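Labels for the chains are A, B, C and D, by order of writing; each one numbers its residues from 1.
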Amino acid sequence: MVFILENGVSIEAVTAFRKEFEDAGFSTIYAPGTEHTAICLLGNTAAVDMDTIVATHPIVAYGRRVTEQYKAAGRTVHPDDTVIRVGNAQFGGGAFTVIAGPCSVENEEQIQLVAESVKKSGAKVFRGGAFKPRTSPYSFQGLGTEGLSLLSHAKKQTGLPLISEVMNQTQLPLFEDVDIIQIGARNMQNFDLLKEVGKIGKPVLLKRGLCNTLEEFLMSAEYIMASGNEQVILCERGIRTFETATRNTLDLAGAVLLKEKSHLPVIVDPSHAAGIRSLVAPMTRAAIAVGVDGVMIETHNNPAKALCDGAQSLDLEQFDTLMQDIKRRVEFEGRSL
Amino acid sequence: MVFILENGVSIEAVTAFRKEFEDAGFSTIYAPGTEHTAICLLGNTAAVDMDTIVATHPIVAYGRRVTEQYKAAGRTVHPDDTVIRVGNAQFGGGAFTVIAGPCSVENEEQIQLVAESVKKSGAKVFRGGAFKPRTSPYSFQGLGTEGLSLLSHAKKQTGLPLISEVMNQTQLPLFEDVDIIQIGARNMQNFDLLKEVGKIGKPVLLKRGLCNTLEEFLMSAEYIMASGNEQVILCERGIRTFETATRNTLDLAGAVLLKEKSHLPVIVDPSHAAGIRSLVAPMTRAAIAVGVDGVMIETHNNPAKALCDGAQSLDLEQFDTLMQDIKRRVEFEGRSL
Amino acid sequence: MVFILENGVSIEAVTAFRKEFEDAGFSTIYAPGTEHTAICLLGNTAAVDMDTIVATHPIVAYGRRVTEQYKAAGRTVHPDDTVIRVGNAQFGGGAFTVIAGPCSVENEEQIQLVAESVKKSGAKVFRGGAFKPRTSPYSFQGLGTEGLSLLSHAKKQTGLPLISEVMNQTQLPLFEDVDIIQIGARNMQNFDLLKEVGKIGKPVLLKRGLCNTLEEFLMSAEYIMASGNEQVILCERGIRTFETATRNTLDLAGAVLLKEKSHLPVIVDPSHAAGIRSLVAPMTRAAIAVGVDGVMIETHNNPAKALCDGAQSLDLEQFDTLMQDIKRRVEFEGRSL
Amino acid sequence: MVFILENGVSIEAVTAFRKEFEDAGFSTIYAPGTEHTAICLLGNTAAVDMDTIVATHPIVAYGRRVTEQYKAAGRTVHPDDTVIRVGNAQFGGGAFTVIAGPCSVENEEQIQLVAESVKKSGAKVFRGGAFKPRTSPYSFQGLGTEGLSLLSHAKKQTGLPLISEVMNQTQLPLFEDVDIIQIGARNMQNFDLLKEVGKIGKPVLLKRGLCNTLEEFLMSAEYIMASGNEQVILCERGIRTFETATRNTLDLAGAVLLKEKSHLPVIVDPSHAAGIRSLVAPMTRAAIAVGVDGVMIETHNNPAKALCDGAQSLDLEQFDTLMQDIKRRVEFEGRSL
């Protein structure tokens, strides 16, 4: 149930209104917007008499029942785009932001080289995996804390904010210097982890699970938001289908639909979706054209020798060439990098 | 097995070479190109001694075994893009071509109105279904031959070439005035129908089946080509996945991969892929950005009252607005409409 | 809309009742049953006043709106199992019937050998493909009419009724001696073919499409029934999923659900579903245990040299061993072979 | 790489052999069997000269390279069935074991009632969820530690061993009284959790992920085993496909293939697979018929009021009736309950 407030209501009146319902056992979402400000009631609202509340609270203009399960993530309660800022990077609100870096942190030289190069080309956030979810226990599992140190060092050198994947909640204290916490596709429904990252004060990039619907994806964002963290970036990275010619099937129409349904920023990961280097550039061009808020591109100084995902990684020159094209296209769309 | 010919070989020498192998029970594909001309041998070539053939035929520069199953549709034998021309429309070779029209032919007024309007907006081919494949026997099945007459009339009025779906081979004689024969998704592996349209001298638009791989798609094109018709246009129209928020999942990366693997023109049908009107424009923009050869867009004078697929149809004004945007984007890409 | 008739209504009264509605433009389904007899009205019944009809027609006990789209195939109108008899074989009504034979008819010796052997082992229907739907135009396409002749000859020798796949409606006249017409998975939504086999007076075995839902499957049966042929046997043969370890994924729960929703006989094809010989016996045991009406098993005199689907074919001895086990199990279930 | 040992080799010789390779940086798996005993080398064995090792170690009969990625879970290294015993329950080795209980622990009365009833009917393990993975943060999340206490109490009353789902590794200390740790489908690739349950000395029931292949499933079992815990029970619980008539699609052929490929016990969860009460009994019968090692069945004293998954739960009487049928069938198969 959402209550749209009259214009010009004081913050004290809003606080009193929320307290009244929170004392009665409900949670509330406060959603200030350009057109109107709304308060959403969460919990079992079946017995709540909406009309009486509207009639007895002068600060309320009108009320509405919210049919979507994703109250906090949906546009019904919160119609304006959420904008998330990290360093010089902006997600949502018209920017098109490029995250780049290798699949996994391998050594200091690699990380320095790639970080400086992608910064020069125009990337705004640097990615690198220190803890790697691998299908086989016998595959390279990442450098762990040492990997995080190398990332911190690269951040100091370049000024680029960092994104890295957390695999379980006990690792969170290690991620102090990481600016955006990534939740991987396999953890999209690791609800306890979602609750924990809901308690930290930094942005979370949530990847769509391999076989999760858009509705489930938004419900996982809702877990993070319901725990108190509204800085969630959604990342479409391909779903698993019967087709095996590509690693996954990029659901680009799904990404557009996410932006229709939700106010959260939405980016696309063409590298994991396709799994094939030659498809990264065309899918990036498509992402710009449909209007999502950015891309995350695997970039490596020597893809042929990468410890993971080499086949889908661009080398530094290919990434630079792509960035030139991205700039031209973002300008054409009237947006900013 | 493919033989690349020396430059400047006479057509008589080519004919003699092909006859030699056809007399021995093989089929041959003749693939003239800008860089080289090739002859492909089809059949059981396991026992053929390639080296001896190269050594004993001076017109042959070198030979190669073709590992793809799709000999005729693949780029190995035929590296240059196939270009198909119908009226003023061109598929392949840099053009971006828009097919528009209603899902089904409903009545004369509708067809005239829509045909004239989409022509004015810039569509190059007019579509309309006379025979409709419907899940339920109790749903509208199309106007049949009367529908084809109405299409012919619209063609006379507007000069737009026609595309319409054939549902079985006995209907082919009725399609004399139809310029491009459409094979629907459900018939992609109706192999007898593929063989029949392989014998007619006009372009065939082949839609990808709901759960068919790209390899199977190319093999179905191969059926048509192996029967003698090389004018095949491939159409990606979304595949069936677990996601139900959209009607199907548009496999745009698959469309790009098709163009890598095959020289045939590839278009996209955003209307059927998404099943939601608001996604048609963004997916069309994406199609232009990735470099496919065109789109097919369901357009109706009154989508709310359409006898089928109204929810995914644009009205005439929406289509016109989209065409303005398409023109701007096609120009940006350095291509022609 | 379905009208349940009073007991003991004369056939003349029934005919008059149907005629009244057929004259008004509706189709009717007549469904006599053990508990009651029903007449179903097909067409646009939105404006039909059910209560008035009940009140004014003494032969009608009561009426009900049918919510399923599959009026003829569903149990709402027709609660009793349909039983289809072909030679000594019975589909539905408690029998468990085994169809056996090779994927494709290869030569006279093979067909005679396999037919006699599977008959001796206890198969009740002989299968063999004369027209083969193959992904590649360069694969063996079947012996065609010669294959049908060989099947006829085997029928004369063994007395086993025949089942064989028709690939398009122009072939139907060739199938005079074939007792059950098979519609393959790829043709499940070849609606024109469904309408044609709806006009012939013999049983049709309809295979589920690779990516078709149970609802679509029943709607395709509805096409055949709405055209006048109520002898439809449904065959679950595995669906296409992301899993590649098996050829397809057998949806056995789906087969059980089909029997809940529909009165038509349901059989299972474990050979195509699994694509692996060792899984045929366990899946056959599962089919008996869940209560479907039979199985179709690919059996070959020399699977290692089969022209198609050898990897999933049992040899004659393996089939005989399986049949002994089937007999023991069918007896345990209190059913008859 | 696996080394098959000569018969009658002393345990000291085995230990010395393993130590030699562990000192060189490899892990080893020790697999004693009825026919032979094997030692498997894990790690980068590309440079290991197998022939020299065989020639220089008299205790080794012969060596073989293992092509499967799942060395510990596969049958190549470990051909005999693994048998896991918990209380009176046995998984593997010919037994058919039934786990029963409610989806979630709701209150003391419910737990006592259901535990006593399912024990009386013949269940050997009691299930109940204390921590519930729910798509929505607003749904009932389980009673948590209080739920575990109620389970412990039921265990004391009935003597039935317990199985309950752990959602993250920090909860493991709370599970001291739980006999089998369940890893849910959404956590099948939560690799850190797998590593942690690999360090505890009790059986783990690992559920297949909604869209994970059989190979990935076995690799997740491999994670647990490579961390030192060889007591892994695999549970097929349905995969996500395009079909929506059932909650998931039970991959029963996949369960059979798992038993072919792996020596680990395999059970089936028909409740979650189907999501429909009427399908639980037939799918249980199918599970017995194909030869898997047990089933897990959701059972509730009042399904209509269950806090989760009521639609797929049997009531106590339905469960008792099913158990009678299970007994009759297990006896028919020559196996024991």
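Methods note: contacts are C-beta pairs under 8 Å (C-beta built on N, C-alpha and C of every residue); 3 or more make two chains touch, one makes a residue touch a chain.
Bear in mind the structure is a predicted one, so any value in this text is a computation, not a measurement.
When the C-beta pairs in contact are tallied for B-D and for B-C, the bigger tally goes to B-C.
Comparing the CA-atom centres of all chains against that of chain C, the greatest distance is found for A.
Centroid to centroid, with C-alpha atoms defining each point, chain B and chain C lie 34 Å apart. Averaging C-alpha coordinates per chain places the centre of chain B 50 Å away from that of chain D. Counting partner chains per residue, chain A has residues 211, 240-242, 244 touching two or more of them.
Of all residues in chain A, only 211, 240-242, 244 touch chain C in the complex they form. Those residues of chain A whose C-beta lies close enough to touch chain D in the complex are 42-43, 69, 131, 133-138, 167-170, 186-187, 189-193, 195, 210-211, 216, 219, 222-223, 226-227, 240. For chain B in complex with chain A, the touching residues are 211, 213-215, 239, 241-246, 249-254, 256-257, 260, 270, 273-274, 276, 278-279, 282-283, 285-286, 288-291, 329, 332.
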